[in-house]
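There are structures below to look over.
One chain, chain A, appears in both complexes that follow, with chain B as partner in the first and chain C in the second.
After this line comes the complex of A and B, so read on.
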């Protein structure tokens, strides 16, 4: 199986990356790609599987980052408590937004998520006593594991890799269960889904909670890595980047968003080395347009469709093969 | 027993149901017939929670049938749709597996933990899906994309999805529409076998040969009112029904 060999090779490459990557800078890019992979997986749960577009996903990321940073700075909580708390805080926000907006769905959900991100961003700027406003929160401590501090890039890389693997596992188990089938059913044909007993609002809210909680985990990892959190975490650009990663990689697939995250974290960095900044955004845009034009369903669905066609062709070519 | 009592539904100024009352006794095959616009699909929509009636009530098993369509499905009342309705991008097998939702128990935590009983349940559900596909005769189509099947087979997928939800009352909205003669014969056999498994069937259908051949009771709607109800033979001879719907030849479809 080519597929299995590819998975094993990728896993090996990721696990040994710190050994063969040329510089700490490249490792930094990979760490950020890991954080974005969790974000893309989280957004994909909503956009790819339920078909609902959250354009305020940066809010859940930011809530996770601030929750974790504030607990570590003000209450001196360990990272290992702050991280799940960030997931819970973001998940609660996802629940509230889901309850509010998912009764209406579609465009209303998009609008409510955008507004929510705007409001949360304003709160982070203006609640000086808590968030230190636009100055942000410096000095977020790195995680500690027993006597070791995970302040080196290599150590943090493995932390992010483990978290991304866990996020992938969470999405995988959900998607390939009766819960995942309910989510897809609501995307495909909601009246039919309801007719077989799938409670639309309940399952969409559930997806929003899990999605937001995962984004919160990414926020916490980001905060303890950059060691600084400011209202910039709520920038709309973050949400747009996540959407690009999910759509370009292949929404509604599990590997797609991960590929998208790797590609669209590495691409701007590669462009930065290759050309002046005026050209960087232009080149980024061109790549995006070309991708959407030639692979409208995303990279991963295009590859799997091609592989399926090739397999079917080779079966048909085999002498004595049963006619289909 | 399904009791529909004085059901009123209107869309703006147009009255779709003007006080419809009838009963469906389990187990039976009961048909709801009438000319286009008589209110048959509206009655289905009101019974299954897709439409709120302005007056009247529906009870099933002695308790009011109310709430969202998913709540009503949980009571064992499951319907199909007039316009073919499948999960178009999913395979035939996945369509049926999705329909099995209420037969699964696994919750979020056990799914996330990858519990052994979740895997056992998945295996059991997959086996049930295969049995249902065999029942409707689509086992050889299981891996094909439902939205790409011929129309008649899509109607069978829809029936399989509804059966997966384990109905005790099954409402079929024009199941034979678009089917060939041979497909209709198979459908009649299936409806009889569904009834034999103690499932009550309420049927909306324009094919009078099918309706009169399979039904134990026929209810006739016209202009949002019940104009007749009874055994097929008495309905075929009923003067009001002949005038309003059947015409003199009694086989319009």
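After this line comes the complex of A and C, so read on.
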């Protein structure tokens, strides 16, 4: 009951945000939070539901951003074609990496994903003819919808909000389908899951493809919003930010990464006045360590567990409740 | 031909320090099952320790190397006691997240302390290169490769010839049995982490004067160290040494004959290929270590 009210209230708050937010700057923060929410959801598919940590996720984000920017700049494709193409390109990369690397687990999978991101980043720096190297690609056009250009922050906010909602739905459908249950089974006990006929590699690769494609969508949205793409999109900082968002919010939950994305986009902006950015990054490292020690399952599972305990306690306290 | 020889020599100098980094990491990774993403930060620490001692205090070069090793060992032991010991028995992924946190925290602390500007570390060696037939080599580089070789030999003797080394090898092979035989596992872990970190710091102090010291220098060092560990096979000291030399030479040849922009890609590609096709490392005979 309370849960449903909370969902409706937050949905309402998000939809009406441009009306009550004080400044375009705050709207900008929300737009970035939306992009990061998609990224966190996408990383969570792998980290939360298959248990495999991809530390090369910025690569899929960057591939999406570059694909979309290049198609729009060089071939003058419309945003509405460039966005799905970015998803496809990133998804293909995810498929290739998944096919190759998901033979490996744990630390080795992590290392292959890092290395992949490293190679892609070097390509973006060195392939001058295609990517313009470290100078990047300026002037990525904003999306247009019929006669309107989605150039304003308000319009772009609704675009990102819609994309984030769609990403959430995709994850929701996937997680609560047979596929999602198969992924969780593989995460919990791979030999047992395979013994009942779950094809481990197939499901893990599928998760990797969907995850990479979502990261590609986020990359495309980012490119057409900031209207500039450079090799910085491959920065490891992006991957670390995604990991912190997922871990802090609660991996293996759907709401967790979204909460984490909102929190860790808004928090640094709120602290910007008080702290230099080096202190912020330092704080990120410390926060990650503290989270692992004191809140290993994340904020959302901690809250739901507490709420469940409170509900059970109030049931037990109710007069006339049958003693069990 | 002369160019090739020159590349080989340069590659060996670079490879010697990669081997130091790799040996430290292969011990930590192999013995403690800790995916130590902060390894490169100890390399950075070593470079800055050398900078502080040489440029600020004006002490001799050997003192700088010793200071770097001491700093790496002390901070390594401290990190193991505070961060890793409470997490023993946790899953490898949990520990990995803590190490990522440590990595970010250390790197940004270095950025705060030393600023973002790259520092050049002074050294007492003449800059005039020594000429040996067709080869030119800077005396500093010669010293680096010699010091690296000496440190690798010392590490090798420690692991193979001392009681402590025997205890470390026993812990690597079977932690529970070693504990039953009276090996103090906790202390072995602390020593291993301190030892590995000290070797990384030594590599930083050695390579720092050759290149420059800057806060993010550890990122590439970490990745090179992982490449070396994976090339050589987990926990394989000889493999890490050979792997380090191989990576150094391959990078130097790649940069010389293919494209210098892709120098750092050699390590990445090595990780990917070896893990996909020979996951036990290039030099694995069978399932044994030492």
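In the analysis below, the second predicted complex is superposed on the first by the 301 of 324 C-alpha atoms of A that agree within 3 Å, B and C clash if a C-alpha of one lies under 4 Å from a C-alpha of the other, contacts with A are read in each partner's own complex, and residues count from 1 in each chain.
Quick note on the criterion: a contact is a pair of C-beta atoms (placed from the backbone, for glycine too) under 8 Å apart; a residue touches a chain by one contact, two chains touch by 3 or more.
Everything numeric in this text was worked out from a predicted model, so none of it was measured.
Engineer: Does the superposition put A:126 against chain B (first), chain C (second), both, or neither?
Structural biologist: A:126 contacts chain C only, not chain B.
Engineer: After the superposition on A, what does A:243 contact: first (chain B), second (chain C), both or neither?
Structural biologist: Only chain C; A:243 stays clear of chain B.
Engineer: So in the superposed three-chain picture, is A:275 touching just chain B, just chain C, both, or none of them (first/second/both/neither)?
Structural biologist: neither
Engineer: Check the contacts made with chain A and report whether chain B or chain C touches more of its residues.
Structural biologist: It is C that touches the greater number of chain A residues.
Engineer: Determine, under the contact definition given at the top, whether A:199 touches first (chain B), second (chain C), both, or neither.
Structural biologist: A:199 contacts chain B only, not chain C.
Engineer: Based on the superposed arrangement, let me know which partner A:179 touches: chain B (first), chain C (second), both, or neither?
Structural biologist: Only chain B; A:179 stays clear of chain C.
Engineer: So in the superposed three-chain picture, is A:188 touching just chain B, just chain C, both, or none of them (first/second/both/neither)?
Structural biologist: first
Engineer: Looking at the overlay, what does A:9 touch: chain B (first), chain C (second), both, or neither?
Structural biologist: neither
Engineer: Determine where on chain A the residues touched by chain B overlap those touched by chain C, and list them.
Structural biologist: The overlap between the chain B and chain C interfaces on chain A is empty, containing no residue.
Engineer: Write out the stretch or stretches of chain C touching chain A in their complex.
Structural biologist: Listed in rising order, the residues of chain C that touch chain A are 29, 35, 83, 86-87, 92-94, 96-98, 100-109, 111-112, 219, 223, 226, 230, 259, 261-262, 264-265, 267-269, 271-272, 275-276, 279.
Engineer: Taking the touch rule as given, give the residues of chain A at its contact with chain C in the complex, in rising order.
Structural biologist: 51, 53, 100-101, 103-104, 106-108, 110-112, 114-116, 118-119, 122, 125-126, 236, 240, 243, 247, 278-279, 281-282, 284-289, 292-293, 296
Engineer: Applying the document's contact rule, which stretches of chain A touch chain B when the two form their complex?
Structural biologist: Those residues of chain A that touch chain B are 170, 173-174, 177-179, 181-182, 184-185, 188-189, 191-200, 206, 210.
Engineer: In their shared complex, at which residues does chain B touch chain A?
Structural biologist: 48-50, 68-71, 73-74, 78-81, 85-90, 94, 97-102, 104, 106, 108, 111-112, 114, 118, 122, 125, 158, 161-162, 164-165
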